[in-house]
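Shared between the two complexes below is chain A, which has chain B as its partner in the first and chain C in the second.
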Partner chain A sequence: MLQEESDLSLIIAQIVQKLKGSSLYGQLERQAWASLQRPEIKLESLKEDIKEFFKISGWEKKLQNAVYSELSVFPLPSHPAAPPEHLKEPLVYMRKAQGSWEKRILKSLNSMCTELSIPLARKRPVGEQKELLNKWNEMGTDEPDLSLFRPVYAPKDFLEVLINLRNPNYENGDSLSFRTHLGLIQVPLKVKDIPELLRCDEQSSANVPMITLPPSTKSFSELFENEHVRIGQKVLAEQDSAAAQQYIRQGSPTALRAELWALILNISSQPEDILYYEQLKTNVIQHDLLVDSLIYKDVKLTASNDDYYFVFEDYLYQVLLCFSRDTSVLDHFAYNSASPPKSYIRGKLGLEEYAVFYPPNGVIPFHGFSMYVAPLCFLYHEPSKLYQIFREMYVRFFFRLHSISSHPSGIVSLCLLFETLLQTYLPQLFYHLREIGAQPLRISFKWMVRAFSGYLATDQLLLLWDRILGYNSLEILAVLAAAVFAFRAVNLMEVTSLAAAEAVLADLSTLKVMPLLQIFLFATVT
Partner chain B sequence: MSRVSVPCHVKGTVALQVGDVRTSHGRPGVLVIDVSFPSIAPFQLQEIMFKNYYTAFLSIRVRQHTSMHTPAKWVTCLRNYCLMPDPHSEEGAQEYVSLFKHQMLCDMAKVLELRLILRQPSPLWLSFTVEELQIYQQGPKSPSMTFPKWLSHPVPCEQPVPLLEGLPDPSRVSSEVQQMWALTEMIRASHTSARIGRFDVDGCYDLNLLSYT
Partner chain C sequence: MAGKVKWVTDIEKSVLINNFEKRGWVQVTENEDWNFYWMSVQTIRNVFSVETGYRLSDDQIVNHFPNHYELTRKDLMVKNIKRYRKELEKEGSPLAEKDENGKYLYLDFVPVTYMLPADYNLFVEEFRKSPSSTWIMKPCGKAQGKGIFLINKLSQIKKWSRDSKTSSFVSQSTKEAYVISLYINNPLLIGGRKFDLRLYVLVSTYRPLRCYMYKLGFCRFCTVKYTPSTSELDNMFVHLTNVAIQKHGEDYNHIHGGKWTVSNLRLYLESTRGREVTSKLFDEVHWIIVQSLKAVAPVMNNDKHCFECYGYDIIIDDKLKPWLIEVNASPSLTSSTANDRILKYNLINDTLNIAVPNGEIPDCKWNKSPPKEVLGNYEILYDEELAQGEGADRELRSRSGQSLGPRAGRLRDTGRTVLTTWK
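Showing the complex of A and B:
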């Protein structure tokens, strides 16, 4: 009992400390001062009256949403003796692996810098600043020479690192035992099986039909759809984050999606937020970073070539360039196993007052990074709101897809979950693919690292990301990957090489996410 | 509750195994760690803290000081406490753990010696132990102070000194000054952890290459 009480007070103290730095705190204070004018606020019962006023005027709800947001993002406070690196990642060998992976990335970036003789950062001359400001909304028309740049790494390089991840205290012998990992991932993390995954799913029970019912029952599905939309509008009117998160587990109507996501992520476009975005834009105009060229190259290689996303090319530059300058992203490294790269001002090597992070947000983009932003462009058209939503999605979910950690939503656990689901529920398929040298993870890894962006049709992708927000977990990516393999199992059993297997699974754009998941979760288990 | 670290002497771990250690192929699944307190009198245990390293279950036995001349017996104070929910997987394998007096099965008033029995039934791990073991006893209660007589027994209210012309009421002034002082203390104590947002140093962001540390 004592322990729980002290844990609770520790959590409360942590959340209060965080919220004190937010704009909500200032707003609440101003509202409290303004409310003193109201007749119902009496001096004798000041505290109670102001609390009542907050409840009626909706400010209490805003505070509730902010607290709920903090609880969803920040991990619970750990043991007082645990050092900060333990909060980032509890397992020592994973921390080491992440450290050496980061070192490789830094070496690669440094060598690119010296080979091309381009500085990591450069202050733009005034003429260039004016020019960039003028074409801010059409940076896509620019055709800089990017042939010498290459992406720092691609998902397949990262996969090789994960394949070689080993726990030094684990029996990694050659002899087969009951726990030999037949897949590519060789670390014994705990992953869920289908009954456990469904238990998480309990709130959105199978009794409530999903949105996508087969066309033959059109009128029936329309009735459910209208009811669903009505409930969604009610949730939005209440402005309650927790309720919105529960609601979106059954998918979101297209018209309400943008507002629902903003409510769940606790994003409201205040004037300060727009001002903050403008400040980031100024930073982009003043300084030119090497990372900018990497972003340009990535957008040109991936999003610009995609049938759905090429129209949003300019938006992508506007979001990603500003993202690189945003120091508030550094806060997420407290619970991310990765660490931001560090450097010193020229001539001041080793002096801590001149130590800076590079890029300012600590995140080095890799090949395909811009695909995290592209689907959001369908929902948000105002750059500062689009930016805020992307930043929040990144610090809650996407960072886990490219750092080595033991977290259940981390990419290592997702890979192991995928392989385990396939082995358990489709053992023949798994065995066949393994025999022909086509380990399934080699094909599905790129889908999971990009959260299926660029592989699924956009409307299906957004339905998938609805569930990620609803369950606050990325495990559904692994389940969908296994479901895709299950769906194409018949064809896959006939292939005889990795290339042929890749060909069978090359095009996912016709797949419908929810029926696939339902078949896999409810029908495959017999 | 304040706590004070107790210096302890941790003897080497002893593996318990059936058969000869040298010739048998399996790895031991039970380890015993003895903890003694050579320079301390029998004390009241408050907390045991350690960092786990792949131990699945922990039992603790304690030997307490008895007033009579009977030899002190070993008593189990913690039985099969689970540190790893699934002994075959990494969950809980390297966590920091604290065990408190109220979780123990017996009273820990006069501890002489402790014996930690570690169990790891899974054959997948090469070794297991607990690290950074620290024992805490209850800290001293805040010392009782003796107040000077004039604080604990204030004299009965005197007649207030008649107000001088034009000067504000001293008691009102003193209470307002007190409130202001309290406000400044509060502002000083509450600092935010919000960032300023600058990534450069005095407008300069001209960098060396990235450092590998």
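Showing the complex of A and C:
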């Protein structure tokens, strides 16, 4: 009891600390001062009256949303004496692995730099600045020669690193038993099984299952749909983040999705946000970074060729180029096992005062990175709002898909969860695929790293991402991957090579996410 | 059992031929006894022309109506729609209602258009009313964007002014006829690019009108960013969405071909603009297609040997109002991407299933009412018989569960019943 209380006060202290630095604090203060003019505020009961005013005017709700947002993003501190690295990643071997992976990436980046004799960053001459400003809305056309650039790494390179991950303290012995994990990931992390997945997550007290069964008849479904929309509109009217998050677990109606996501992510387009985006845009105009070319290359290789997203090519540049320069993103490294790469001003190697993070936001894009942004273009067509939503999605979820950590939503856990689900519930299939040299993870890894973007049809993808937001977890990616294999099990049992297995699973664009998940979660468990 | 269907075509496209072969039909030449002839528009002219006096027998079907040009020639389409509107106005129909500015409330779906050189003086009058407007010149008989150009100055069409002054009888037969329409310079842009909608509509009979809309239409995007700037009026890559033009652009992509499905469009519009305005837009699109068919129905030769699959081109402006640009009698069956090939193959497949029931030797006396199961990706757009027979309810359901939307609402307000909207 005492421990809980002191934990709680620690959390409260942390959140208060964080919010004091936010613009919301300034706004609340201003509102409080302004409210003194109001007749209902009396000096004798000042505190209560102001609190009441906040409640009625909706400012309490905003504060609530901000607190909720902090709780969702920041991990709860385990122990007041825990060092900051533990917040990033508690397990030493994971930290070490992430460190050496980062070294490799940086080396690759630096060598490309040297080979092509391109500086990591340079200031643009005024003429070039003007030209870029004119072309800002159509950077997709007339791009520079990118033939010499290669992506710094691709998901399959990352997979190789994960496969070789080992816990030095763990010795599982050589004898094979039914406990032996047949998959590629060989680290002892705890993952959920289906009954656990179907139970509620720790935060909510109501016993809401992860996936609900749909109503069976058509007319009932229309009634359900209309009711669902009505409730959604009510949730939006209340402007309550927590309620929105609960609501979206059942999926979002198309027309309400953009607003719901913004509410859950606690994004409101304030003038200062738009100003901030414009500032980032100015940074892009003034300085050219090497990563810009990587971004260009990535967009040209992926989104430009995609049936759904090619239309939004120019928005992708506008978002990603600004993203690379956004130093506020550095904050998320407090709870990300990764660390931003450091670079030193020429000639001052090793001197901390001359160290800069490169790129400024500390995130080096890899092949397929732009696909995190692409689906969002279907929801937001204002660049600054699109930018804010993407940034928040990245620092809450996407970063976990390409850093090595023990977090349950981290890519390592997702891979293990996927393999375990498959081995537990479809052992015959798993064994068969393994025998023909087609380890399932080799096929499903790319789906999970990209959160299925570019593989599913957009409307289905958005329904999937609804659940990621609703449950504040990426585990559903692993479950869906397993469900896809389960769905195609009959065909997969007949293939005899990795290439053939890839072919069976090459086209996911016709799949419907919710029925697939339901069949897997409810019908597979005996 | 009757023999196999004998087919002929003068359009050598795989999407057609594969469909015929998969049904086990037999290819013959046009001089032999054939049952099904998929013709180009030149051939249909010959088949039905007065000189040849071709008589089709009961077991022969062709894929064009004899005078389809009433709908598919740009000038005749506009003429017929104008006539239709005037007729409705004369009989006092609520459909022909106008607003304070004299614009039709429900039938204003074709941009202001004039024939040249015949209407040259009328055009000049209109042009002078808003001299900063842009107009688009289109040759009446051409396709694929050929010969189209934009103008914003009267001097650019001087030669049509000269022609109009001379004796009309002589010059019109030598000079090519053009239409000039008000250019929609505020198209809805997505990702900063202009696009248009290509929808396929199958008409099995005009009287009673029975038409089907293919659910899998698509949007064609320009590869270059849209700008209404006058310096780019000559840049056809900015303004014309025809694939025949766009595919020569530098940035043309052969994987997606600059095409989006209509369902993508719907998803995007619903997500960014909301459900009501999106549903209203699509309702209006259906409405204008049906109205255009009703406009030409009285003048169409409703030959029972005929059916036709039209390619409708529609542009949406930034106020989410759809405009009918033109109707194509012979929509392209060339496939620019893999997805395209699949789409067109399925389009022909579903079309044949409706036009030639059960794939058997046709009897043109049949009632042209296919069972629901064979529709495939088509849905009933309008069925005049159903609408008149069992009243509004049936008609509502036949529109695939879509509500009649604002149209019915507005007309109910004027005191008439829902039934009359579709008569």
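As a working rule, the second predicted complex is superposed on the first by the 502 of 526 C-alpha atoms of A that agree within 3 Å, B and C clash if a C-alpha of one lies under 4 Å from a C-alpha of the other, contacts with A are read in each partner's own complex, and residues count from 1 in each chain.
Basically, contacts are C-beta pairs under 8 Å (C-beta built on N, C-alpha and C of every residue); 3 or more make two chains touch, one makes a residue touch a chain.
The structure displayed is predicted, hence computed values, not measured ones.
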Discussion item. Applying the document's definition of touch, where does A:P119 land relative to chain B and chain C: first, second, both, or neither?
Written reply: first
Discussion item. Taking the superposition on A as described, I'd like to know which of chain B and chain C A:A154 touches: first, second, both or neither.
Written reply: neither
Worksheet item: Looking at the overlay, what does A:P341 touch: chain B (first), chain C (second), both, or neither?
Response: first
Worksheet item: What is the contact status of A:K18 with respect to chain B (first) and chain C (second): first, second, both, or neither?
Response: first
Practice prompt. Give the label of whichever partner, chain B or chain C, reaches more residues of chain A.
Written response: B
Worksheet item: Which partner does A:N110 reach: the first (chain B), the second (chain C), both, or neither?
Response: first
Worksheet, complete the sentence: chain A positions within both the chain B interface and the chain C interface are none
Practice prompt. Using the touch definition up top, name the residues of chain B that touch chain A in the complex.
Written response: 49, 51, 53-54, 85-86, 88-91, 93-98, 100, 102, 123-128, 132, 190, 192-195, 197-201, 204-213
Fill in: Partner chain C, residues of chain A touching it in the complex
137-138, 140-141, 253-255, 257-258, 304-308, 310-315, 377-381, 458-459
Fill in: chain A contact footprint on chain C (complex, rising order)
190-193, 221, 224-225, 250-251, 253, 255-256, 258-261, 263-264, 267-268, 270-272, 274-275, 278, 339
Worksheet, complete the sentence: chain A contacts chain B in the complex at 2-3, 17-18, 20-22, 78-79, 81-82, 86, 90-92, 103, 106-107, 109-110, 113-114, 119-123, 167-171, 177, 179, 187-190, 276, 279, 283, 287, 325, 327-328, 330-331, 341-346, 349, 353-354, 356-358, 360, 406
